[in-house]
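One chain, chain A, appears in both complexes that follow, with chain B as partner in the first and chain C in the second.
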Partner chain A sequence: MSTVEGADTPKWNLRLYTAGQSPKSLAALANLKRVCEEHLAGRYSIEVVDLLKNPRLAKDDQIVAIPTLVRKLPQPLRRIVGDLSDTERTLVGLQLKERK
Partner chain B sequence: MKMERPAEARALPKAPTGIQGLDEITGGGLPKGRPTLVCGGPGCGKTLLAAEFLIRGATQFDEPGALISFEETSEELAQNVRSLGFDMDALIEQKKLAVDYVRIEPTEIEEVGEYDLEGLMVRIAHAIDSVGAKRIVLDTIEALFGGFTNQALLRSELRRLFRFLKDKGVTAVITGERGDGSLTRQGLEEYVSDCVILLDHRVTEQVSTRRLRVVKYRGSTHGTNEYPFLIDERGISVLPVTGVALDHAVSNERVSSGVPRLDAMLGGKGYYRGSSVLVSGTAGTGKTSLAAHFAHETAKNGERVLYLAFEESPKQLLRNMRSIGIDLDPYVKKDLIRLDASRPTLFGLEMHLVRIHKLVSEFKPALVIVDPISNLVASGTELETQSMLLRLVDFLKAQQVTAFFTNLTSGGSAWEKTDVGISSLIDTWLLLRDIESAGERNRGLYVLKSRGMKHSNQIREFIITAEGIQLEDVYVGPEGVLTGSMRAAQEAREAAAAQERRQASARRQRELERKRAALEAQIAALQAEFATTKEEAKVLAEQEKEHEAGVAAQRAATAKRRGADNEKGIRNK
Partner chain C sequence: METINPSFEKELAQLKERLEEAEDVRRAITRGEVDAFVVGPGANARVLLLANAYQRYRQLVERMHQGAITATPGGQMLFANQRFADLVGVPLAQLYTAPLESYVAVGDRAQLSRFLMLSARDSHVEVDVQRSDGVAIPVRISIASFADGYATLLVTDLRPMQWPTLAVDALDSIRNSLDRLNRDLPPDTRAQESLRSISEQLNGLARMIDEMLDVEQPKAAE
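Right, the complex of A and B next:
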């Protein structure tokens, strides 16, 4: 994880909810890391929450589908469900790209 | 697969709901360890039924529950069930209930690639495990269809979810919104095939009634009718008509009607305690007065009376009864008589029934008066009214509460017919009728039937005086049945005739007395004459004897003097 000094660059706080080491979860994490490195290099943090280990957290963040990516920061909160295999739509979902 | 024997099939384990009446319909509750679908239109009470199932499970049957809500937050739910008298927060604190609000906001969710609903499964499993739930409610899982676009995935995940619930062995209630032409919009009945309950909320003639029907119940017999149900501050009560068996205890105790002559007509003792009494008659025949008498008498004996007035306000009723010398005021103040006035159309019949149930269980009266039942027809159909009254009569009998109904029969209809057709439920039926003659209208009362007692077959004239009701014998004679002033006139005529007869007879008696005295005098005279004659005869005989003796002596003296002998003398010498 890397951070870049600078007041104008907000920090991205991302949380990925998974349930064990399912292929979908692993794919999602890999896809997420790739997208972040490309577009948010140095100003993001990813937290992976395994619901099988912490089922209580599913309630707190209103998780229904797995995997779910939650953009905690910057506001507003965004959710993307799925394995993030479509980079284009992932970027739209994270509001890193305008919806076409 | 091996076929189960019928006996085993009947013994399908069930989870009692604790909801009044529902367990009777389902023969013991919902299928244990299996999902049940509760469906119906908006506002039909699905969520409340499900919540009550959970709460009663936790409080009455020691079965903790989990509530997964997709529509309402925990706070909203707690508030909603608090209105039914349940404290959800306390149950959550005691670890008897777990509530999880699953919020699905379609606008917040972006779908990118493949996913599944493992998150939901984890939450459900967590909710179940955190309290050791035996029961679970999913209200309503259809919300998922609004949040996610991949229908095929949703359906396969739902199937997985229900299998998971069955494996967990929890009794589940899944609610679903009713769809067009199908039980639920999303075809949930496809997944939940063990038991389906349909709720309905219908408005007929501006009066709404809730109804419940068990559409299917695999492996169990169940009531198939539509049963009305109510939601009030004590939760849901379903009212199965057939659920009430005819096995209530009976009392041999008799209670006075408050009218001594009427008691005399009813085998001399009045009504049976816990029986149902019906008074029917046309307008103004004195039904309410009769009811007030009974109420007064019952309260006088220190027992409670619940008076349900559907026609008059309590104040009006009290005033009117005071005018005929029945003062109910003191008993109302002492809370021995409770007057409950409401317009029949204020609620549906079912609501009326439940209100009566509630009042009876709270107030515990010995007598319930419904005045009049005929007005209830206004809030339902005739058939509904009949079934409602049937249940009311059954309920009151089961409680050993005497029921007194008045029924307004419309002019022209048959006397021996109640508009609501409940005559067969009634133990004692009094009929009040008008008798019109000589330009006046008088009231007649007779006992049409009275089960279990020797009752009078006589018509009595029913007079409402300032001192209450009085019953008089009607005049039955060669002039026919006479009442009112005709009866009075006839009685006066008869009295005059009797007086005349008495005078004539006295006259005749005096005459005979005179005649007898005359005869006696005659007899005395004759007897005197007889005695005189007898005396004379005796004197005559004695004179004759003396005379003869005299003659003989004379002759003897003469013979002696002549010295003549006679045969006697010669022979004697």
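Right, the complex of A and C next:
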């Protein structure tokens, strides 16, 4: 498990479930970093949970497919499944943008 | 106008949320945005990777300079890379399901067998592999991982590590021959001048080999 800090007191707490360094996991992390830097600069933290190392952690957030992003804070909890390559969908999923 | 029971409304909202989540998973799968799944309940959960997720590592294993094998506890090879096939000098396809011990020198087979049975305990074993042309090659077989009863083994050719020692032995032998020659030659000849020059070059080679050994075998204190 590793954490990338974006600020001293992050208001957005994001958890990305990955499967080691699978291509989609790496893509999801890169896409998430980009989105966070563009829209949440200085206000976020990303926790990366590698389910290949500890599959039991999948139960905590009911993960079935990988990668999956979970917005822990602000509540309510939100899940986005996939590599986050669709920025529009990611922003809507994180509620950073209204659904059209 | 009909009123909706609040508990029914709440249940409906929950069902809608679950449907959206299921739809999100379906959409991600059909668009190829995921490459692994979690299967099995709670404590027994396992992660299954799709075949393309392995591609990067597969290429790495196929091209690396060490032999790689996945073997059963009984020593049957389920996978081997091209490097190992080259090491033992047989086509790769011939290795699948073949017993690993058939490529190990007869005298080392019992040692290999013990190692495979206790592979979770011992980290490596040094044996000779027997090439198809009869040449014996010293290798170190080490455990890379041990899961589901199968051991993934790395096979390192030890010959390059022996080369500096062999070179030092060869240099010592040449030095001794030169000393004998030097004693037999009359003093103050051009031949002795040439011998001194050869000796200096040999000393230079010896220093280079010493430096190579220092690089390959860092001192314990470092």
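Please note the rule applied: the second predicted complex is superposed on the first by the 90 of 100 C-alpha atoms of A that agree within 3 Å, B and C clash if a C-alpha of one lies under 4 Å from a C-alpha of the other, contacts with A are read in each partner's own complex, and residues count from 1 in each chain.
In this section, a contact is a pair of C-beta atoms (placed from the backbone, for glycine too) under 8 Å apart; a residue touches a chain by one contact, two chains touch by 3 or more.
All of these numbers come straight from a predicted model, not from anything done at the bench.
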item: When chain B and chain C are modelled together on chain A, clash or fit; value: clash
item: Touching partner for A:K72 - first (chain B), second (chain C), both, neither; value: neither
item: Touched partner set for A:R43, first chain B, second chain C, both or neither; value: neither
item: Which of chain B and chain C A:K59 touches, first, second, both or neither; value: both
item: Partner chain in contact with A:Q21 - chain B first, chain C second, else both or neither; value: second
item: Which superposed partner A:K33 touches (first chain B, second chain C, both, neither); value: neither
item: Dominant toucher of chain A (residue count), chain B or chain C; value: B
item: First (chain B), second (chain C), both or neither touched by A:K97; value: neither
item: Chain B collision site on chain C, chosen from 5-13, 41-49, 149-157 or 167-175, when both complexes are overlaid on chain A; value: 41-49
item: Where chain A meets both chain C and chain B, residue numbers; value: 19, 22, 24, 51-52, 55-56, 58-59, 63-67, 79-83, 85
item: Residue ranges of chain A touching chain B (in the complex, touch as defined); value: 17, 19, 22, 24, 27-28, 31, 51-52, 55-56, 58-59, 62-68, 77-86, 89-90, 92-93
item: Complex contact set, residues of chain A against chain C; value: 19-25, 51-52, 55-56, 58-59, 63-67, 79-83, 85
item: Touching residues (chain side chain C, partner chain A) in the complex; value: 21, 24-25, 27-29, 31, 33-38, 40, 42-43, 45-47, 49, 52-53, 55-56
item: Residue ranges of chain B touching chain A (in the complex, touch as defined); value: 100, 102-104, 108-120, 122-123, 125-126, 144, 147-148
